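Look at the two complexes coming up: subunit A is in both, with subunit B in one and subunit C in the other.
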Partner chain A sequence: MNAFAANREWKKALLFSLPMLLISGLLFLSGKPLTNPAKLAPAVITFLFINITFFCMIYTGQTHKYRSRFFILASLLFVVSFIANLIEVRGTMELSAANMLDGETPLCPLVIPMLIIPAALTHTIIFPGSLFAAHAGVAPMLVLWLGFSLAVGRGWCSWICFFGGMDEGFSRLCRKPKITAVDSKWTALPWAVLLGIVLTSAATLSPTYCAWLCPFKTVTEFPAIESAKTALQAVIFSSLFIGLVVVLPILTGRRTQCSLFCPFGAFQSLFNKINIFAVRINRADCVNCNLCLQKCPTFSLDEQSLQAGKTLLSCTKCGKCIDICPKKAIAFHIKGTPLHLNLQTARVLYLYPAFTFAAVIGGGCIYGGLERIFRLAVTGSMIH
Partner chain B sequence: MRLQALFGYSAAVLTLIVALATFIGMNSFSHKLVDVTGLKISPWFSGGEILGTIDRGSYKILKHRAVFDGLIGQKAEGFVQIDFSPTADLPDRINEKIDFDLDGKIDFALEYDVVANTAVITAYNPRVLSLAGCYVLKERRAVRVSLRNE
Partner chain C sequence: MLQGFLLGLSTGATCLAYCAPVLFPYLLGEAKSIRQTAWTLSRFMLGRLLGYLVFAVFAWLTGNYLNTLTDRREMLIGFIYILLATLLLWYGLGQTSVPCAAGSLRGFAATLAQERPALFPLLLGLFTGLNLCPPFLLAFIAAGENSTLGHSLLFFLSFFAGTALFFLPAPLLGLGKNVSQLKNVGRLAAAVMSVYYFYSGLLLLWGGMISS
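Up next, the complex of A and B:
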């Protein structure tokens, strides 16, 4: 690229990044008390990080590389801010029966598939939260989930799921996978888990995944260990976390919790059917090197899908296959538009909504975590 | 084909509008969602609607409805929740006789030790099974008693 062309590309990227500057300024900074110096620095750093990340995505044409860094950082800082908040409010990460009766549990998106049947038949939410709580109330979380699912489909799992960020973080620690062959039959397991938890939750009118199977209880809140039952639950939560979120991602280089277990991920796949964005493979350019198939973090490509020029329903639209394809044969695509034309337009139109959600949700996590860390540095404690 | 493409690009642009609207209209959409669907928190967690209040001067006793709600129909067993508030004005011990089904007959007697947060119940109605738990909540105390459905 000569100097003139480079200069033009730089300006073009800046121009495409300006809307995100406005959007993130409007959505992320609004409501942040910027007059307080202790909150100003984390807010400014987060705002800059959001916009530099988006600019880099546009300028370099690399999606996965910058998305992944943002996603993992948001996830790590979510854990910091969430735990600090729990300690501040309750003094512990334990969730007691009284906390549940008080409706103090923030609604976790992973619960959503379990809510649908009881909500349809009884008009009740089988979750110990509050409808309009300031922190992850049931109704705002449902609106967020609906909006995102309509806009980006299963992109949820690669752009705003703070749990997915942990899985991705550990998978990236893997330089050379120790386990390369994972039987594709395992990718059916999330559907089985989904079916099981939806039916048992409807039958018991309580979210059974949260009670028995959620690995992320280990790093968020968990039932107070007061009996053999709650001790067993704690063993299951921590074993699943260590196995699926830490060890297997490190050994395989893939997001094993997200792709081989998470029922919410399976559920979100259904939204890929109605979502306008997809990932498509240009068969004319593909040389069948199978790199995309081997590196897809969520096992969303197989030989059949590759031949068909499509990803599987489980695709989280993370952009990794697009970035690593040596022939640039894979691209974001808008359904209904001509294949393999206007690739840049499709990519930018996808990045705007996906990154808008990431900027607000992930940005909120990054800000929350940084604010706690700054407080620790200044006062010696993360909590008030 | 052209029409399809036009629809595709329009839908893609619309997704950004959906993203913006999700955040800008979050509060209003949340309230609309609850209004339209009539959703509420399951009584198994919230304790169910309050049927009556007994004024004891410095504090109040709130009787919730008995909860047997199932996915379809009712469950064989449930509970009734009794709340005491405000917490600051509660006496050390509370003795109450409760008519949970409002039939004019006492169903159980409750002796609640507020300081120790323990309770003993004496059942007068065979539908009353046992004490399910005592809870220290933010602005109230709550006692749940297990019941058998008729």
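Up next, the complex of A and C:
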């Protein structure tokens, strides 16, 4: 048990939680008309949820347990608020050609790797969104993504990504995995998909992943079904969603869409190289029980990496292996510092940026979803 | 030209994964300094470029020949795309071995390396350039669509540039020591690209049927 949990230093934990209290207070309690209960109640609940989650993480020394609950809830409520918003604005989840021409599509981070070559070659952003739109415009989303990626690398996939939260949610429904052996060659698939979509997007000057492969179109917006082509696209989206986000995670207990398909996840892994935070295994304490290896949701540990005391490049810094290791041999680590020194400092220093971004994005989703649900309870409808 | 470059990029990982076991042991074993490695690598790449240019001429001749065979060229190309895409998928997901011509050098490589050390990387490059793997065949067909020899040469030149991006940093970074995951990426990328070419083939066929 770590120092905080063992000594029940709740006052210290409270002190460490104060900055988060301040940040989330500014985010969720200021600027909201406090007299309107339909807005005040979701804001207060979100504020409390954020701070209780962070306090529990600091106080108990457990990362994965509390992160995961926050992450999954944010993802579910993201879908609620996103769909309600679409129906309010457009009357449908379908995205028509006119909507695209109007630049109404909010920028999805998954599209970022596909923008690079066309932007360099043609100086255009091949995405039907507005650069500075109030709701997920291209520029603010790019800045947010870059900031987070530099701060915590592929931590994106376990702290921010609302799609990853769905994958994680379904994987946690698995009590006993029905499929335990997954050939490690499939972990190369996200890189192959990344290569494929970057090249085809450059060749066709359109975001091919969004047009053909994104499983999450099923629960967000999708092209209006007007032809055989769009019908085929809809079939692909929903099959990928059912297979990779629902069925396989339930059967394997792993995040199969994130670790075996998502090209953005592969791209994001590259930021683990330049990010100062890492997850490391202290070989002196490890007894080779392989529990971490079997339980890692993203196949980010194998026997070789375990022997080398490192995770693979794909590690999403979710903290699960750290929490479950019976010998407490795994820890968050600041690159360049000695392995066994200042473990708690490294963890807290990692939690601040990771959870602040999670609070900003995930907290926004939770607030948005709750607000819709409250509206439904009060007025009988989620939309204005 | 962009098409050729992108196709080169998409097959580069595969080429590297399959030709690396032939190339790297030699490169890493022979060259001591970065400068020596770079010199050997440039001769290897020159050989590879020569191999590609030979293929550019063949691709152009084949394209012209196809023109004389039928006036439904689009449909024929579409059909070949579908065929090759299927082959690419099979190669990406199946347990096939790739006919990298450089493999045939193994036998007399040691002798040649000793007797003609300056020529060896050039020949190695030429043989890895004369490759008949499915992605390469796709490049062959795509280049054959060009009407002039100059365009076909340009296509293969840009295809070469695309694959070269994978070859150049690899020996310097020591990637040759761990090619198995790269091989997986290359194979699966071939499978992913096969879907794109399958779809392009279908569109060409469809377009040909409508216009005929």
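One rule holds in what follows: the second predicted complex is superposed on the first by the 367 of 384 C-alpha atoms of A that agree within 3 Å, B and C clash if a C-alpha of one lies under 4 Å from a C-alpha of the other, contacts with A are read in each partner's own complex, and residues count from 1 in each chain.
Criterion: contacts are C-beta pairs under 8 Å (C-beta built on N, C-alpha and C of every residue); 3 or more make two chains touch, one makes a residue touch a chain.
On a predicted model such as this, the values are computed, not experimentally measured, just so you know.
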Would you mind checking whether subunit B and subunit C clash or fit side by side on subunit A after the superposition?
fit
First, second, both or neither for A:A202, with subunit B first and subunit C second
both
Touching partner for A:K185 - first (subunit B), second (subunit C), both, neither:
second
Give one of first, second, both or neither to describe whether A:I52 is in contact with subunit B, with subunit C, with both, or with none.
neither
Please indicate which partner A:I334 is in contact with in the superposed arrangement: first for subunit B, second for subunit C, both, or neither.
first
Have a look at where A:V193 lands relative to subunit B and subunit C in the superposition and call it first, second, both or neither.
second
Could you tell me if A:P140 is touching subunit B, subunit C, both of them or neither one (first, second, both, neither)?
first
In the superposed arrangement, does A:P118 touch subunit B (first), subunit C (second), both or neither?
first
Check whether subunit B or subunit C contacts more residues of subunit A in the superposed model.
B
Superposed arrangement (fit on chain A Cα atoms) - minimum subunit B/subunit C Cα distance in Å:
7
Subunit A residues touched by both subunit B and subunit C?
121, 202-203
Touching residues (chain side subunit A, partner subunit B) in the complex
23, 27, 97-98, 100-103, 117-119, 121-132, 137-140, 142-144, 146-148, 150-152, 202-203, 205-206, 276-277, 334-338, 345-346, 349-350, 352-353, 356-357, 360
Interfacial residue positions of subunit B with respect to subunit A in the complex
1, 4-5, 7-9, 11-13, 15-16, 18-24, 26-27, 29-31, 33-34, 37-47, 69-72, 133, 135-138, 142
For the complex, which residues does subunit A have touching subunit C?
121, 185, 188-189, 191-193, 195-196, 199-200, 202-203, 208
Listed in rising order, the residues of subunit C that touch subunit A in the complex are 2-3, 6-7, 9-10, 13, 181, 184-193, 195-196
